[in-house]
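Just passing along the structure, written as structure tokens.
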């Protein structure tokens, strides 16, 4: 299959960029490498005829998640790794344990499925319409749960963001500076 | 309602867009090298030195008033050693060196204003860029000297007034000179008569 | 008529038929790519010159008219100048990222054109999820802008990049939300099917989406969001030259700058082409009597008209402030697009055998969208009393 | 752009103590930057130097702005980049030779600069300009005010990001007035037109008619301008409530001109000093209430209409007669020892000249009170709490010309 060659190219690319995302010293570089890895994954999905997933991957991971990661990196001050600091965390053993656990959780359903049995799929391309119908019928409950969860997260984020000005008021030297009178104050002052 | 102001503004720009195709009022651009506006008569750029007849007859007498009054002090004059007769026949110095550094000159026209000899006037040339910013922008007497005819062409009414005045002066001077000559002649006759008388008396 | 309409398609097949069967599919792809690059590259060149001339006329001047006849060769002169300029990379810049940013911006944008039907039978790929693909490849531009701004190591660049990202993310929401009614009512994410859904004529006038209440509102909402999405005035804050020099482009010069310039215009073209496809009936002629016109001609006329509107707006309005820009998106565009979604639903269900009069349907829709427009418009700029100026004698 | 990050040289031994102290002061001003995090400072504050090479600082003006996000918490105006030693040159030159230099103060309004200076010298010498000269001065002064305000609005909108459309319209009208100036004085901008006790040359034939036509057509332009701008929602939200300058602060800081009047103080030297022949004309002084950018914009539009009314009256009633006081002497002027302060209501505010004479042919002391500079002193007070985009338009609404600020 000619697809195989390009698959391997992209697979190697994804692995390389994913490694780069872990190993690079500059967190912004890491984030950009992660974005590249996401994009490579999208291409692989596309090759597997999973159009919808591929585009969703691009839209959400490249367009949104990686931007979010970058924002997080930039907003976290002093997150730069100083030269000489060991890249690996001292808690690497814990990390390894978690990684193994995650791999196991993923591996169990994969192995129990018909993966690797080389059965020709019933449908080569999943039409978007079908995905929509399935989401709205069979997977309605998970979908709604996820929606609820995200809404809660959104509201929570908004609440956290709203509270910030009071905190910054204390920290900033802004309060020491002459405050600009508002228009109402001015009017009150001007009127005898 | 939101957006009404922007729509009003867009109507205005659309009017200007179409208007620029039909009305000279709106499209006032002059496409310079091809189209050129005639300069206003009063327009001034750098100074020039007026001469009557040929280059040897500059009106300038190297009096140095412009040099003194120039706000930017961009004029440099050296008097000649010999005098020449001016239009009234008086013997006047002429400048041996008359330099204007037009990279310093700010075209204010004060030199022309203070000149008592109607010599330094304001030119209307404006394409003055040169290859060399030092020597190219230091104008000498030869570059600055312009014929009275040229001055007439750029400032007709000023030049006309000045010429009329100068003609008047000249006429007066000639009359005066004539009178002086006549007087002299009369005096000469008188004296000759007197001497003749004396001769007679002596005889 | 049919020949002229399909002239490019026939030309392509004729060319393919001259080739051995093995390479035909590959050559077909290459031909599509060349066609898109050639057409939109020319569009880019033409738009830069026509935009400057149009803006010039709006401002009562000629605009560029020195190079070639009527100044039409100005883009060539610009290109030569851009390509021969020194490529300056700041000393402190992150060189790799600085180098990659213009590529990351420009390359995916070309992909977006592949799903747009430019005429009858004239779309490069017929993707089932074409709309989704369009927005997906558009997502990379945010990343590119960030890369440009961050790698320049310039505060203006960084501020510009931050503005650009916040703006693009904020306006992507109304942009997609304005698209959703179209997708819902035509029942497909496939752009060809969306165009097909707008075929047919009622009383000799085309049945485009823009001639429905939800389509009309949606079209304008989409255009506003598209203006912001492509960083055009009045939403050109990322490059707000009076505030932050040139935003994320501050440290770019020469060819890289030209690439960014190209990318910006291509983004504009892509989103304009999408708006034509979604709301203006794609390549369909506006009137039945005009059906003899080639489909691609109809498409590009509409396309040019929308670009002209963008230029017109650019020549008129000042720039918004950043917080106002975000407020405009979240407090005005997003709620309105949501209301519009509701309007679309109502429109859809009133047609289902309810036998409602067409004018009544319009009335219901207008009753939903107009008060919402007024209300959110008011809320955006709360009580601004008319100012009265006094005179001292 | 000067980043706060210390340049590499700084790590070596300092050449002198002063430079180091400055650097230390600055580090307390806003924290050191961490360059590898993309120029973001380690603290919350970001210092940005707007200018001197910035598209919208109206010349070579610099504002050291300290930002919290996009909000200004400190702003330090830095000027002097265009200092040309004007006052000292004037003290070295004769009285007459100072006139062309005053053209270059506020190089947009050379006529009013001339006027303020010759008025001061007239006070010193007692020359009395004849009637016709006073009329000519009022006419050119008000024409100057017209195009200064029109251009200011254009510049302001340019700062707001309007791509120069209003500016080009303003320039279109300005050209017409500059043409008038050229045919009158010989130069479009550097007019050098006023003289002690009068003006340099009389109006050319047909000038009055041309001026009348320009004045008659100007309201159409103002209407266009207002249709394009005044109702524009973007302009409204950008300018209303931005850069508020209170009455008290404006008075205390010595702010004058349209800025002061936009803050609601009815102070116009044309009314207060009653100089020249202004009392003969019927005109009003528009006042703002809020003192924000929008009021400053509107006050200028309204003032243009008042100027037009003055111009109409002056052009209709201009008498014939001499244009220079016969007693006046231009060259080699040696006023009696003494001092004089002359001021006029220039388009930008109170333009004053203070000249001390010791009886010699050149002034002993020559001092200018430039409205642009004095109006600029309240910049920080107006900008605090606004975003960087607002700073640009607040600066634009002050109406400065760097030639006058730095002199």
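Chains: A, B, C and D, in written order; residue numbering restarts at 1 for each.
We adopt the following convention: a contact is a pair of C-beta atoms (placed from the backbone, for glycine too) under 8 Å apart; a residue touches a chain by one contact, two chains touch by 3 or more.
The model shown is predicted, which means the values in this text are computed figures rather than measured ones.
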item: Most central chain, Cα average position; value: D
item: B-C or B-D - the one linked by more C-beta pairs in contact; value: B-D
item: Subunit A and subunit B, separation of their C-alpha mean positions in angstrom; value: 79
item: Rounded Å distance between subunit B and subunit D, as computed from the means of their C-alpha atoms; value: 35
item: Euclidean distance of C-alpha centroids - subunit B vs subunit C, Å; value: 62
item: Averaged-CA centre spacing for the pair subunit D and subunit C, given as whole angstrom; value: 42
item: For subunit C, residues that touch 2 or more chains besides their own; value: 58-61, 150, 315-317, 381
item: For subunit D, residues that touch 2 or more chains besides their own; value: 38, 40, 165, 169, 172, 228, 232-236, 290
item: Where subunit A touches two or more other chains, by residue; value: 26, 28, 74
item: Subunit B-touching residues of subunit C, taken from the complex the two chains share; value: 54, 57-62, 65, 312-313, 315-317, 332, 373-374, 377-378, 380-381
item: Touching residues (chain side subunit A, partner subunit C) in the complex; value: 26, 28-29, 32, 35, 39, 42, 51-52, 54-56, 58-59, 62-64, 66-67, 70-71, 74, 125, 127-129
item: Subunit B - residues contacting subunit D, complex; value: 2-6, 8-9, 11-13, 16, 26, 28, 40-44, 65, 69-71, 106-110, 113-114, 122
item: Subunit D - residues contacting subunit C, complex; value: 1, 3, 35, 38-40, 46, 48, 54-56, 70, 157-165, 168-169, 172, 228, 232-238, 240, 266, 268, 271, 284-290, 294-295, 298-299, 302, 387-390, 392
item: Residues of subunit C defined as touching subunit A within the complex; value: 94, 97, 127-129, 132-133, 135-140, 142-143, 146-147, 150, 165, 169, 172, 187-189
